[in-house]
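Look at the two complexes coming up: chain A is in both, with chain B in one and chain C in the other.
This part shows the complex of A and B:
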């Protein structure tokens, strides 16, 4: 696994020496700040109509402002992981070193997860700000971040798979975006369907997942779903790399 | 050190590499020579495990590279064609990453980087960003990368492509220095490169191995006898007399002579020892008062391959030629340089 860690470190280093990482961070914080500002504004003017008992609960998954940036930022974060190596030929140097395809994919996925955590780390400030004006249940906050990591882990894995399949970064980003929109759209179907279908949609909907997590409910079904879905995507990405040797 | 057995890669019905066999012994520097598109890179990609062969076997350092690819990869350093590097990293950052990938123990990484930078003569670029390096430097960084784990075998794909003549000479000297210390298998489409660096050469064309040997013997093979065909006007008897009266030892004519009358023409075919003999043939026929209508050498497969290979090093550039014609001063200077 040492090779995987080396790949993860290299990926983060390459990312953070490029201006793209900082542009992404700034844009991301603008989105989050906008979301938090929007939520805080509602609670300060009309505390009763907020819908949730705490502005942080609404911040994590209560508004569309939480989900829309997700759908855009995740494709941008993952598109380069494998597609760029393929386009620039560095994949050949990588895969002719004594490393397994598994180490390559896991290293890249690990780097994406770390960057994902780095995007969310500054939002801890919002927790601090909120705590100065009211009570904050840290258990609920922790559950929200668990949710963020679970949902992010699933969506990033989709991005990794698309980056393994796509011939270049643009295709990878587009495919990831479309898939994420489709998955997110399924969450909306639950409001239109009945009975069993409705239950199925709500189980796979990240909207429902995030709303539960944000209330402090750590639903293991949601965690298991996100983890298995992510594992499946990563497994397919590894297989895609192995399959490339036979076909290209 | 490296053994390749009936290696084949097919895409649908077309075989890009078709049953290639060869061996590279320990300490040898072997060139893998062939024109562009002959299947050199595909062969190297299969040896290094980047591509899976359709059929065949590869053994590296005694290890079956298809069954135990990761173990086999520890035995070689590979420099892919075009030397892909991560341009945003500094040279030492990149080499540290590569050393970690190759399983060099962490406390030895510093030494390994220093040694390989030194072996590839690129120590002065250690702290530079790869994007800012010239092509020659990048090539040497790629070589340093291949040397990181101090592997017994180096596999280099077109190590001098895209370099200027000074850089080419430099890289060739570097490779030559490995003689006896490391086994080197390098691909190239340039015959002089093989002659300058290699102990032995494997020649490939259109996916098939067409020759193997040491570069000098192949060069003398190039001077070997070949057949000339001609068409003249006269009688077969007159041609026979003209060509056989000349002494073979002096002119190289008269061997394997075949003549055939075709109306008032005579079609002939004979063996000559080298290209000089063609002049002698022409003189002998003209000297006997006979007329020659057609004259041409019979192409041999290896010969034509060599022609293709040797003419590729300095492709004529029509634009440059025109410029030289326009500027007479430059022209004079160029020819002076040529003389010296």
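This part shows the complex of A and C:
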């Protein structure tokens, strides 16, 4: 685990000393700010129906403006993790070092998760702004951030797997984007399906997951799905590297 | 991994450019002779045995990788199947908006047959969002509950089929959309119960006057739990309502309690009216007898039938308004009999001078009273909700069998001198008046405190309130008072249907954000300029320092 942690720290350090991280943060905050401003504008001009119909619930998953940046930023964040090493020919050297594939993948995934949390940390300011003009339920806010981490953990793991499979960053980002769009699309099918089919689509839909979390409801189904799917992606990423070592 | 290796790894990062890859780390580590298991494993696979042996090992590892991946995938699928079938939904909201009350949980735990909730909701009904969430809690709380949602807009054929099967009325809007009169149906076997949209949510505008803004009252839990009880409980509980002395009626008529009747019928009560003039015996199988606001006194023999009923384990609700005429308060006929149970009707008018308890400038009519701790008032006391009474007579208690249920503020008292009262309301206590705080309601339980539970359940119970206006349709419909909850809890306690002790509604404000145009401008500046700008500056500073 120490090797994994060292790789994680190294990844974060190399990321935060480059202007890329800040460019990404600025772009991210512009997207989130636009989403929040849009939501605040709606709730300032029309009454809510009460209960779960409130600005922060809508911000965290109530509109497409929440999900679209996810589909774009996660491929960008994860594309370089392993694909860059492979494109530069350093992956083979890394795999022949006394660092296990598991440590490499977990270290890089951990760094991506921490950066994901860092992207969301400034959005706490929106909670503070909302509390100045209306009522904020901190339980709902906590559940929303748990949801953001759970969904982010799953999507980042997909990015890590694609980065392990792809020959270069561009292919990794494209594959991740397409897979995320496909998953998001499958979730959308819940609105067209009925009964059991709807329940199944709803089970894998991050739209449903985030709507629950944003209402203040923590559903074990969403947590189990996100955690196990992320674990599977990470496991497969490790096995991909192992396979590559065995076949090289 | 050794400390040295870790240091090498980190120093590689520091010496490299911002976009450094892990090659420095890998090469540094390859040079070192770390003794980790991974290293041993890799070294072993490369150095051990002949080339054939190496190939064999390699083939084995490939097989392990494939089989391991398949097994792991299978485990993940199984875990998700289990999670799909058995799940929990934790409510983190401050007011536990989506947590079922203890009463509902008890009802769900006691279910001995399957219950289906069919919801006729469209996805675009925001006011029903919380209702949908609550219904999922029912499903999560009991394996006996299944929920089926059909959308009238997108599944008209299915809605039509269900409507035909369950007698739901359908209508077409001008734009051809199908709408139903029921928002949901609760079904258990061949029994079913219809729920309308008005039963689920109610708009409350009373906050407009105080500046708190309008709110929505979510009655869904009370409605669904009652409906479930109604369809699963076999026999209806019979309530016998007395008439013949000018009492309130439960049918159509000038002086009626239709709101109370509707609520009781929703809770699976059957109401039978009987003529109490010259009463000799009560109708058969009355779970409770209700005497609601007689305008003329009862005769001694008639009262005796009621008290005998109570002594034999019967249950009675007496809502006895003061019978006021020019001479003063005329006895209702129950005074002497009630004295035997420790309930004193003194013929005094309840006088509440505390301004915060008066809804109009008259200390005798439309005043708020407070509930005292009792199984009937458990929820109401917790909510600190007042009850509205209208020209009540005082009810005092003595002895251990009677308990005060409702009383006034410390300043309240019983006005005996009606001549002074008629001359004009005065807050002064006359020598004959009854000092406060004074009650307007009492509960009597004839069970021996040391008796076993089944004996206690067989003992008589009685609730006496010195007013019947608290049961009037207008009073039960007011969301700012607890009259409806008190009425249902009282009947529930009397008829041993204590699961009916009312489930409070959930209020939520409709005013999400109080923003002016200037505020909105400030928000745009903060979220689109200041916050991203701060990180832009930070990034520039990092780039500048790295460049130097």
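Heads up, the rule we're going with is that the second predicted complex is superposed on the first by the 242 of 248 C-alpha atoms of A that agree within 3 Å, B and C clash if a C-alpha of one lies under 4 Å from a C-alpha of the other, contacts with A are read in each partner's own complex, and residues count from 1 in each chain.
Operating definition for what follows: a contact is a pair of C-beta atoms (placed from the backbone, for glycine too) under 8 Å apart; a residue touches a chain by one contact, two chains touch by 3 or more.
Because the structure is a prediction, the values reported are computed rather than measured.
**Student:** Can A:171 be said to touch chain B (first), chain C (second), both, or neither?
**Tutor:** After superposition on chain A, A:171 lies in contact with neither partner.
**Student:** Tell me which touches more residues of chain A here: chain C or chain B.
**Tutor:** C
**Student:** State whether A:186 touches chain B only (first), chain C only (second), both chains, or neither.
**Tutor:** In the superposed model, A:186 contacts neither chain B nor chain C.
**Student:** Is A:65 in contact with chain B, with chain C, with both, or with neither (first, second, both, neither)?
**Tutor:** The answer is neither, since A:65 touches no partner chain.
**Student:** In the superposed arrangement, which partner chain does A:30 touch: chain B (first), chain C (second), both, or neither?
**Tutor:** second
**Student:** Classify the contacts of A:18 with the two partner chains as first (chain B alone), second (chain C alone), both, or neither.
**Tutor:** Touch status of A:18: both partners.
**Student:** Pick out the shared contact residues on chain A: the ones touching chain B in one complex and chain C in the other.
**Tutor:** Of chain A, residues 2-3, 6-7, 9-10, 13-14, 17-18, 88-90, 93-100, 245-246 contact chain B in one complex and chain C in the other.
**Student:** What residues on chain B touch chain A, complex-wise?
**Tutor:** 45, 48-52, 70-71, 73-74, 78, 80, 82, 84-86, 88-89, 93, 97-98, 100-103, 145
**Student:** Mind pulling up the chain A residues that touch chain B in the complex?
**Tutor:** Residues 2-3, 5-7, 9-10, 13-14, 17-18, 88-90, 92-100, 245-246, 248 of chain A touch chain B in their complex.
**Student:** In the complex, go through chain C and note every residue touching chain A.
**Tutor:** Answer in residue numbers: 1, 5-6, 9-10, 12-14, 16-23, 25-30, 32, 34, 36-39, 42, 58, 61-62, 65, 68-69, 72-73, 76, 79-80, 83-84, 87-95, 97-98, 123, 126-127, 129-130, 133, 148, 150, 155, 158, 213-216, 218, 506-515, 519-520, 523-524, 526-528, 531-532, 535-536, 538-540, 542-543, 546.
**Student:** Tell me, which parts of chain A touch chain C in their complex?
**Tutor:** It comes out as residues 2-3, 6-7, 9-10, 13-23, 25-26, 29-30, 32-34, 36-37, 40-41, 43-44, 47-55, 84-85, 88-90, 93-100, 103-104, 122, 125-126, 129-130, 133-135, 137-140, 142-143, 191, 194-195, 199-200, 203, 212, 215-221, 224-225, 228-229, 231-232, 235-236, 239, 242-243, 245-247.
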